[in-house]
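Working notes for the structure below.
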C-alpha cells in the first residue's frame, strides 16, 4: 500500500480534458490516467494549475477526482489541489476532496487579498486542523503573488502542520534552503519545474511534478532514475531533450498569453499522442490556431515522441 | 422603482459582520444595512473586497445577499460582488447571486492564472451571455494583478457587455480616460477610493463605493452632495476630514498587514458606533489588539463620530 | 529678481536637442529656450528626464546649462536635474550644476542599488549640506523604483533640507498627502503630470513641469491661469485638449518602448513647429519612423498647433 | 600571459575600502588585492555592485583601477564594471577604464529610463564599437529592472559583440538557456551567485564572481576545484558552509536594508580577518552597529575563518 504522500518520484499534474462544449471529457481523462500509470508514475496530482483548477467549478473538480481515483484504484496515491482564495474556502475544498477520495491535499497561500507573512502559519494550521489528510503546501508565487519563506515552511514542517512542499516558484535557492531546514526523513519536497528537474533532484528534492509530464512521462521517469543513481550526465541529457520539448509552451505567443499557450500546447500534444480527444481549454482562454498546433507536433517529433494510441 | 444599477450616488461596500466563532452575524448585518439606508445611501454593494468576499464560502455569500435584499426591500438596488478566479466560476457565482436577489453583479478580471489582455473581453462577454442582470466590471489590480485598460472598458461598454465600472485601481488618470471614452448617458462609473472621492466626482464619476462609507456614510453623502452642486471647496473640506479618519486602516501596522488592518479597523469602528456586535474578521487574518482598537476610537472621536445605537 | 525656486507656474522640463550625429544642437536649444520664455513660462527645468539627462555625459549636461542660463539671463529661474545613482555622485553633479549657473537643483532618491527608507533622509541631507542652492526632491518611482513617502518629504521640508518637490510619481493621493503635511508658505510642490495638471492644481500644487509643455507651453499656461482663477471647467477643457495631444507619446508602440516613443514624439513635434532642427534622440533609443512622425503632426494639427518659426 | 577575459575560475568582485571620512583607503585595497591573489584567484573584478560602483565618483573609480592593476601587475586579468545609466555614459566610463588599465569591461543594460528589448543590442553594439576591449554583459535585473533574454545574449555572442556574461540575475534556468545557445569555446559565462555556485558550474558556467569571495576566496576556490573534477558531493559540502557564512548579509535587518547590510557585513568581515582597516560604507548607507558586527564575527568563527593578518 502506497504512502498517502508519495515518498518520491514522478507525480504528474494531470491536465483536465474537456469536450468541445467545455464539459469534462471523462473517457479522455481515463485514458490520460491509464497512460501515466502504465508509464510507471509514482503518484497523480489532480486539480493543480496545469489541471486548470482555477477554471473548474466545484462540481467538475469533484468529478475529476472521482474519475482519477477510480482508475488509479489505489495503485499510487492521488493528490488533489484544493485551490481557493482563503482559509475558509480552502477548507471547504479540502473537505470535498477528502469526500471524493483524495489521498492528500495541496493548498496554496491565500490570494486575492494581500496576505501578511504572519497569516501563512495561521492559514495552514487551520487547514491542518480541519481535514484529516496529509497536507502539502503549494508554493506558486506567479499565481498567488506571495512566496512562502523557507523558514516558514520549516516551522510548519517541524510542528507537523505540513507533510510536504510542492515548489512551483522557480526559486532553486529557496528550494535548497527548505531542504537544509526540514527533517527530510518525513517531510517531502517536490519541484514543479519542467526545466530544472535534474538540478532539483541534485539539491535533494524527493520528486517531480512537471506539467510536461502529461506529455512525456517516460522522459521524466528516465531523468528521475538517472538522477537517483547519481548519473548526472545522463539526467542532464534527458533534461536537455525535455527543455527543447518544453518550448511548446510559447507557441501561442504574446497575444494568447503564457497560460493559454502552455495549457493549449500540452493538450494538443496529448491529442497528437492519441490520449486526449480534444485540445479544448477553459474560458476565457483562447485556443491555439492550426499553425501553433503544427508547431507542437513538430516539437513532439523532434523529441522523438509518437502517438501511443491510434 | 430604482434602476438596477444605481444612476449615481453613494453605494457603500458592506462589511460582513461575524460572530466570535466566525459565523455570519445576521443581526449585526441587519443593523448595518438599516444604518446605511437611514443615512440615505443610493445603493448597497455586498460581497465586495471590503465585505471579505474572498473569505466567504458560497453559502455565506448567499445568506449575506438574502439578509441585505430582505432589509433593503427594493428601496435601493443591491449589487453583488461575484468574485472568483475565472469565467466558469464567476458565472456560477453570478447565477447564484441572481437567485438570491441581486439587482446587478460586479465581476473582476480573472485571477490566479495570468491573464492575457485578449481574455478580458471574452471573460466579460461570457458572463454577460450567461446571466440576465446588469454587469459592472470591478477593476482592482491590487487583488487581480491586472489593470483593465480604458479602451477595453470602452469597447465593452459600447457593445452592451458592461453597464458600469467600479474602479478600485487608484488610477485617476485611467478613470478619466474611461470617462472620456464611454457614453455617460448609459454607462456608470463608480470609484472605490475613500481618499480621492471628490476628485473622482470632479472628473465625472457617477458614484462612490468607499469602504469607509460603512463607518461614516453621512460624511460621504455630504461630500457627494457638495460635489454635485459644484461646491468643490466644501467637498474638499469633507474629504480632508474623511482622509484623516481613513488613517485607521494602518493601525495594525506591517505585522498585521494592510488588509487585516483595514478590515479590522472598519469593523471595530462599527462596534464603537454601536452597529456591529463584534470586530471579528475571517481566517487567516489576525485581529486588532486593544491598543489598535483604542486608536480607531480616537480617530472616530477626532472625526466627530459617536455611537449611533446604544 | 525671481526667487531661486519658482514660486508657482509653468516650468517646462526642456528637451535636449541633438544633431543627427548626436552632438548637442546649440542653436535649437537656444530657439527652444526663447520659445518657452516668449510664451511666458515661470521657470525652466533642464536636464530632467524629458531632457534625456540619463543619456547625457557630464560635459553635455554642463553645456546645456550654460546655453539655457545664458538665454534666460535671469528672467526666470533655471532648475537643473542632478540625476545620478547615489549621494556622492549626486553631490558632484550638484556642485557642477551650481558652477554652471543653476538657480536650484533637483535630485532623485538613490537608484541602481536598492535603497532602504532610512537612507532617503541621509541622502537629501548630505546633498543639502554640500551645495548652497535650493534643493527640490524629484519623486520618480518609474525610474528609481522607490516612492518618497509623504511623511519623509514633510520631515525634510520641516527641517529645511528640501525647498520643494517635483512629483512625477502619478500618485495624486500621495501628492495630496504631501500638501496636507508641509508648510505651503515656503515649500513648493510641482507636478510632472501632463494629463492631470488641472487636478494637481485643484489639490493645491504650486506649479506644473509637463514634458508636453515643450510642445505647447501656451496650452499649459492657459490651463494654469484658468485654474488659478478657480475656473475649473475651463481648466478641464484645456486639459482635455492636452490629453488628446499627449497621445503622441505612444506613436512608437511597444517595439520602440515608452521612453523612446515619448521623447521622439516631443522632439519631432518641436521639429514640426519649427523650433528644433532634428528629431534625433540619444543612444540606445531607436528613432520614430516616417509613419510615426506623420501621426505626431496629425495630433498637432488636431490640437490646433502650427509652426511657430519658418 | 593571461587571456583578457579569464577563461574560467574564481574572479571576486572586490570591495572598495573606505576611510572613516569616506575617502578611498588605498593600503586596505592593496591588502585586499594581495590577499585574493595569494589565495589563487583567476581574475579580479573591480567597480562591480559589491564594489559600491554606484556610490563611487568617476575619480575614485579610476583610482581603484589604478591601485588594483598595479598590484595585480598582469598576474591575472582585471575586469572593470563600467556601470552607468545609458550608452553614451557607459562608453565614457569604458574609455576611462581602458585608459586606467582594465583588461575587460563589464556593462549592464541601460537603467533609470525604461528600456525596450530592441535597445539591448543597440546598447552593447555601440559600446563594442567604441572601446577596444573584451566586453562582458552584466545581467543584474535587481539593479537595472530588466532581464537580458537568453536569445539576445546568444545573438550578441554570435556576432562578436559580447565576449562573456556575468549573470547576477539569480535565474539559473536562464543561465542554462544561455549556455545551451552560445558557443562555449569562446564565450564565457560567469555566475554572480554566492549560494548556487556549485549548481552554476554543474550547468556549465565557466566561473564564479561571488561577493562573498572577498571574505573567503579559499572556500570558493575549493568549491571550484571540486566541481571541476566532478566531485559534486564535495562541492555541495563546501557550498553548504558558504551558504551559512553568507547569512551575514542579513545582519542589518529590514531597517538597514539589504544592500547596506550586505556590503557592511562583507567589509566588517574583512576587518575581522585583518584585511581592511575600516568597515565604512558609502553614503547614504547606514553603518552596521556593534551587535551586527559581532554577529558577522560569529558567522566567521562558525565557518572556521580566522584573521589572516595581525
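Which chain is which? They are A, B, C and D, in the order written, and residues in each are numbered from 1.
Just so we're on the same page, a contact is a pair of C-beta atoms (placed from the backbone, for glycine too) under 8 Å apart; a residue touches a chain by one contact, two chains touch by 3 or more.
These are the chains along with the protein names UniProt gives them: A, B, C, D = 4-hydroxy-tetrahydrodipicolinate synthase.
This one's a predicted model, so the numbers in the text were calculated from it and none came from an experiment.
The two sequence copies chain C and chain D touch through a face in which the numbers common to both exceed half of the numbers used overall. The interface of A-D is repeated, with over half of its contact pairs matching by residue number, by B-C among C-D, A-B or B-C. One inter-chain figure worth recording: chain A and chain C are separated by 50 Å, centre to centre, where each centre is the mean of the chain's CA atoms.
Our note on geometry: chain B versus chain C, Cα centroid distance of 37 Å, whole angstroms. For chain A, the set of residues touching two or more other chains is empty. Viewed as a network of touching protein chains, the structure reduces to one closed ring of chains, two contacts apiece. Pairwise, the chains that make contact are A-B, A-D, B-C, C-D.
Taken together, the chain B residues at the contact with chain C in this complex read 170, 172-173, 176, 180, 193, 195-196, 199, 202-203, 232, 240, 243.
Within the complex, the chain B residues that touch chain A are 22, 49, 52, 54-57, 60, 83, 85-89, 92, 110-120, 122-123, 126, 142-145, 254-260, 282-286.
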